[in-house]
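Attaching a single structure in structure tokens format; questions to follow.
Here the chain labels run A, B, C, D and E in written order, and each chain numbers its own residues starting at 1.
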Amino acid sequence: MLPIDDSPIVRDGKSLILAMDHGLEHGPVDFEEVPEKLDPAAVFETATHDAVTSIAVQKGIAEGYYPSYEDDVNLLVKLNGTSNMWMGEPDSAINCSVEYAADIGADAVGFTVYSGSNHEVEMFEEFREVHEKAREYDLPVVMWSYPRGQGLKNDTKPGTISYATRIALELGADIAKVKYPGEPEAMAHACEAAGNMNVVMSGGSKTDDREFLSTVEQATSAGCCGLAVGRNVWQREEPTRILDALERVIYDGKSADAALGHDDTESEPERDIERETETADATVEG
Amino acid sequence: MLPIDDSPIVRDGKSLILAMDHGLEHGPVDFEEVPEKLDPAAVFETATHDAVTSIAVQKGIAEGYYPSYEDDVNLLVKLNGTSNMWMGEPDSAINCSVEYAADIGADAVGFTVYSGSNHEVEMFEEFREVHEKAREYDLPVVMWSYPRGQGLKNDTKPGTISYATRIALELGADIAKVKYPGEPEAMAHACEAAGNMNVVMSGGSKTDDREFLSTVEQATSAGCCGLAVGRNVWQREEPTRILDALERVIYDGKSADAALGHDDTESEPERDIERETETADATVEG
Amino acid sequence: MLPIDDSPIVRDGKSLILAMDHGLEHGPVDFEEVPEKLDPAAVFETATHDAVTSIAVQKGIAEGYYPSYEDDVNLLVKLNGTSNMWMGEPDSAINCSVEYAADIGADAVGFTVYSGSNHEVEMFEEFREVHEKAREYDLPVVMWSYPRGQGLKNDTKPGTISYATRIALELGADIAKVKYPGEPEAMAHACEAAGNMNVVMSGGSKTDDREFLSTVEQATSAGCCGLAVGRNVWQREEPTRILDALERVIYDGKSADAALGHDDTESEPERDIERETETADATVEG
Amino acid sequence: MLPIDDSPIVRDGKSLILAMDHGLEHGPVDFEEVPEKLDPAAVFETATHDAVTSIAVQKGIAEGYYPSYEDDVNLLVKLNGTSNMWMGEPDSAINCSVEYAADIGADAVGFTVYSGSNHEVEMFEEFREVHEKAREYDLPVVMWSYPRGQGLKNDTKPGTISYATRIALELGADIAKVKYPGEPEAMAHACEAAGNMNVVMSGGSKTDDREFLSTVEQATSAGCCGLAVGRNVWQREEPTRILDALERVIYDGKSADAALGHDDTESEPERDIERETETADATVEG
Amino acid sequence: MLPIDDSPIVRDGKSLILAMDHGLEHGPVDFEEVPEKLDPAAVFETATHDAVTSIAVQKGIAEGYYPSYEDDVNLLVKLNGTSNMWMGEPDSAINCSVEYAADIGADAVGFTVYSGSNHEVEMFEEFREVHEKAREYDLPVVMWSYPRGQGLKNDTKPGTISYATRIALELGADIAKVKYPGEPEAMAHACEAAGNMNVVMSGGSKTDDREFLSTVEQATSAGCCGLAVGRNVWQREEPTRILDALERVIYDGKSADAALGHDDTESEPERDIERETETADATVEG
């Protein structure tokens, strides 16, 4: 870990990473309900929101779409990834070199490490090479720190998440991206285990506005410096609204309730920006 | 993916790749009914047809025969391949380096990726190296994107083909070559999943003219920018005729029926250029 | 082995290495009773004690915290390590290159070798590369020489520890870090097997003051040039006191009893610096 | 494949490679009946015969003996090989680099590929590196193309041998060395599958003169450009005589019968140069 | 193999290699009865005997002790080795690079090859790299040629030892070190299989003087150019005496009996230099 507060992917010590590598990791099925988001340009548009400090995509998406957005978004190139079509101990393929990421304009790089996998030794060593090369290019390194493998049954229990942030610190990551361990106390412990390295929470699968924002609020209160989020933003019909709310929680320190209400009348009753029903839109500004 | 419309292997945004690596992948058995095509020169002759934007062959064929055709064909060197004599999880050997392909005059390179195989991680990483080296040489990269392996039962179902085109996009391919998923809607979805990257349909094993051209028509209507075809061209006795018809479908946007009839009388009844019977030739121009 | 008495990590021919890679090797659980030590700065503070000749940490901790302590501590970068979340034959991932360790100011490097593991051949070869590169940078190499694996049942029996020191000598280590084999005679034999290479004893898990210091006294009397210790120092509430005592044993050649008593009245009855009870502190200076 | 008719290992478009790597592949047992041939100098002497266009040996033999024969023989360094002491899927160790072969004076290099083996992918990739490096040194590459492995039961059936020559062509070999498939028609098909690449027949284990020469006659009539032979030459007591006869078959296009008779009286009855009986020598010139 | 008679490790065409890598290969247990030999300096002292043409040690021993003996001994750095703590197919770790061996003053390098092991292919390839690099540094290469592995039951039967010397010749070794095959005729065959490459016999485990010297006499009479010996020298209380006797057998061509008697009265009755009893010393000069 090096000081990264001056990095473009950090704003006021906070980060909101908009992740969109689901087409590789999960396949087009993740876009079924929002087929227009299969067009990466649509997600890049969303990433131009002020709250977003970087967009995290794979190499191919970066080289195809970032040139049109380089003035408006910061690019975090995810260096490894795999499909979910094969089975076996967790592993991830290095799809992009640090040099190439730098060539195409990356402001930072991301790398998944599955600690606990039978491939842990190999992945740690790959991370070393990425980390040391990234230092040459002055690119911050975000570790997707996801303990996973035959020795692990529940990969979001508190001890596991604290181990995940600590591994990221020990191996030299600048930011650790971890799953929310369920309780604020566990998140706080994980942030302490990270020393003074930044920790961001993973957004996970799509939930409703209030549940999602409450978790974000708990995480940031517990010490997280922000969020790396994908589906909970771009799977929504109006991603701008949830980004507005996230901006209030992450950068302005507002509560989830306040963020969901009017900006200047925080006493307004909470309302979900987006609901299951089609009437959601009508009520948001209510 | 980078813009490749100016590449010699693309004509008016379309591509017709004549593939002839069957001697390696399947063995001489694929030439049993057309033994004269065992001579690679015969297939290079066919590739001089205007409809063909490139010929895809392995290194040895390229270095032995391309020098005599370099003014008349564009060369796509297929960089990996294996025999079908061994069994096990799908994999493919890198038989040619990008540097060597460039040395012998390649206009583009091709690479097979078996996503879903237990070798997926390794193949993705090999693709990375090929892709980044190809960028140095300004050579477009065509991914033979073929999900295959123990976790996959039916590798032409719609979800699989859409995943295949998406993986090609995410990893940086310039063109994805995929199997036809059976239905135009599925092909259209696969093309959408590819963003603005070009997709070409694989020709597959030899079928009759009408069935073959109808599938090509469906694929191009669904968004494919063309075809990569081998057996359906050079296993025919008169490959020029089917290439004439393919030219009409792919570049002129004609229907299979129209392409099979006289050029300027599209209302002519459809007729197969080549049939099982020896009388086929006599009826073609009829 | 090369002469290293002039190295900053050796003082008067002796070494006391304060090791803190437990966050990686064991996870945050090792800090449960001393949560404030999750902050690496706290352990670096401890390492400023005169008795400590170097602090051994992983790359990430080194780059994050060493810059604030570079005038006060000597840095030993541990180059490999793994989590304890996976199971299988002992192995360790190279998390830091020698070059990078040198870049961030290392005075020495450390490397674990699990002789007897099915990965022995690979680890020996990794050690070769580390060793030869370290010679280029003039960095002493400390081998954590820990026989372990399916062929070994009791990894602290005398023959095993003597084999461990000998392997370190044969492969070129400058200092071997080994477990205490239980008996002074066995330790002496292990030191003889090491020729004139330095041997330090591993501190192991936390025990009470007297037991711990007695073992250190036995080890140094048997020929060890010192100690590599972690939990037995920083898991204590007052690490300075045990370091004071260790200084007396290691550098001044005092007995454990004398080290635990007043400095100048060695006939004082022995007293533990730290006990299970809260009254421990009061009795120390008694 | 590149044009190699100007290569020193080809004479009038034909090749006779005298192979002597049996000491490695089979062990000294192959020399039991001709113990004086354990001395590589004896085989180098034989290779000075005009009919021999190159001698194929491993690196150690080449560096030890070729310097004394460099004016009289052409050197083909066999780059890989293994003992027959281990069991498992066919594989072969690269015992010599192309660079080293060039350093010690090689006129060509040889490489075994066991297509069909579980190591096929690895061997193809090794061949690629050898091939591309050999191109830099302008050294022709001879592929010992031997399909073998768990998926193959009879490695001399026609389809297999045709596949073998085709693989050599596709991967870029200049000459393919294959086993005789039993029938002239099958050999002819294998030569057609090789396009215009040269094919040489393997000599195989020792047979009597007439059987051996008849097979050579059939192979060359079917399109082979010659022979790679070991035991059928140097296991004979008078290798010069069989080489005289081979010269007549391969370069002069004579029949086996004619080659076995007087040079200028082809109507002479056939006689074996060497028989099982000790009287053989006496009858040869009869 | 290259001519090495001018090498410092050969004297009058003969070699006596004093090997001391047992601390790594067998562990300190080999020194149990001669604990003072755990000090490598003691064995280096022995190596200053005129009969010894080189001392064979691992890297760590070489860098620690050779500097004090560089004027008096020739250094053969053994490049690979492993402990005997693990089980599995024979393999050996490369513990020292050729470059490093050259840096620390090696006059030659040694490398173990376990032909017949499932790791044979890998070891042959490692040997290739060592061999070619050693050629750059003009360092002779001694192959410890030890067929061993699941396919081999008795690794000292005649055919195996002849195969062992032949493999060393074929792969380019300058000297082969092999076990004695039991009979002089078998040793002679093994020397013939080696062409004109030097062969030295392994000393093996300690036996009594007469038995040991008789075997050496048989081996040298059969064509061996000398001996590589460890335990049979340094496990003796008076290694100088056995070295005196070995000098007579190897360099002066004397019989074991003569070597054991007075130098100038070869008709003296044979006497063992060292016996089990303490009276041995008294009788030697008798």
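We adopt the following convention: a contact is a pair of C-beta atoms (placed from the backbone, for glycine too) under 8 Å apart; a residue touches a chain by one contact, two chains touch by 3 or more.
Here the structure is a predicted model, which means the values were calculated and not measured.
Participant: Common contacts of subunit A and subunit E?
Facilitator: C
Participant: When every step has to jump to a touching chain, what is the lowest number of steps that links subunit C to subunit E?
Facilitator: 1
Participant: Can we say the copies subunit A and subunit C touch using the same residue numbers, with more than half in common, or are the two sides different?
Facilitator: Looking at both copies, the contact residues mostly diverge.
Participant: Nearest 5 degrees is plenty: how much rotation brings the CA atoms of subunit D onto those of subunit E?
Facilitator: 70
Participant: Counting only Cα atoms for the centres, state how far subunit B is from subunit C in Å.
Facilitator: About 62 Å separates the centre of subunit B from that of subunit C.
Participant: When the C-alpha atoms of subunit B and subunit D are each averaged to a single point, how far apart are the two points in Å?
Facilitator: Computed value for the inter-centroid distance: 38 Å.
Participant: Which residues of subunit A are in contact with two or more other chains?
Facilitator: Where subunit A is concerned, no single residue meets two or more other chains.
Participant: If every chain is a node and each touching pair gets an edge, what shape is that graph: line, ring, star, complete or other?
Facilitator: ring
Participant: Should the ring be read from subunit A with subunit C in second place, what is the ordered list of chains?
Facilitator: A, C, E, D, B
Participant: Can you list the subunit E residues touching subunit D in their complex?
Facilitator: Checking each residue of subunit E against subunit D gives 1-2, 115-118, 120-125, 127-128, 131-132, 135, 147, 149-152, 159-160, 162-163, 166-173, 189, 192-193, 195-197.
Participant: Taking the complex as given, what residues does subunit A use to touch subunit B?
Facilitator: Within the complex, subunit A contacts subunit B at residues 21, 23-24, 27-29, 31, 35, 38-41, 58-61, 63-65, 81-83, 85-88, 91-97, 99-100.
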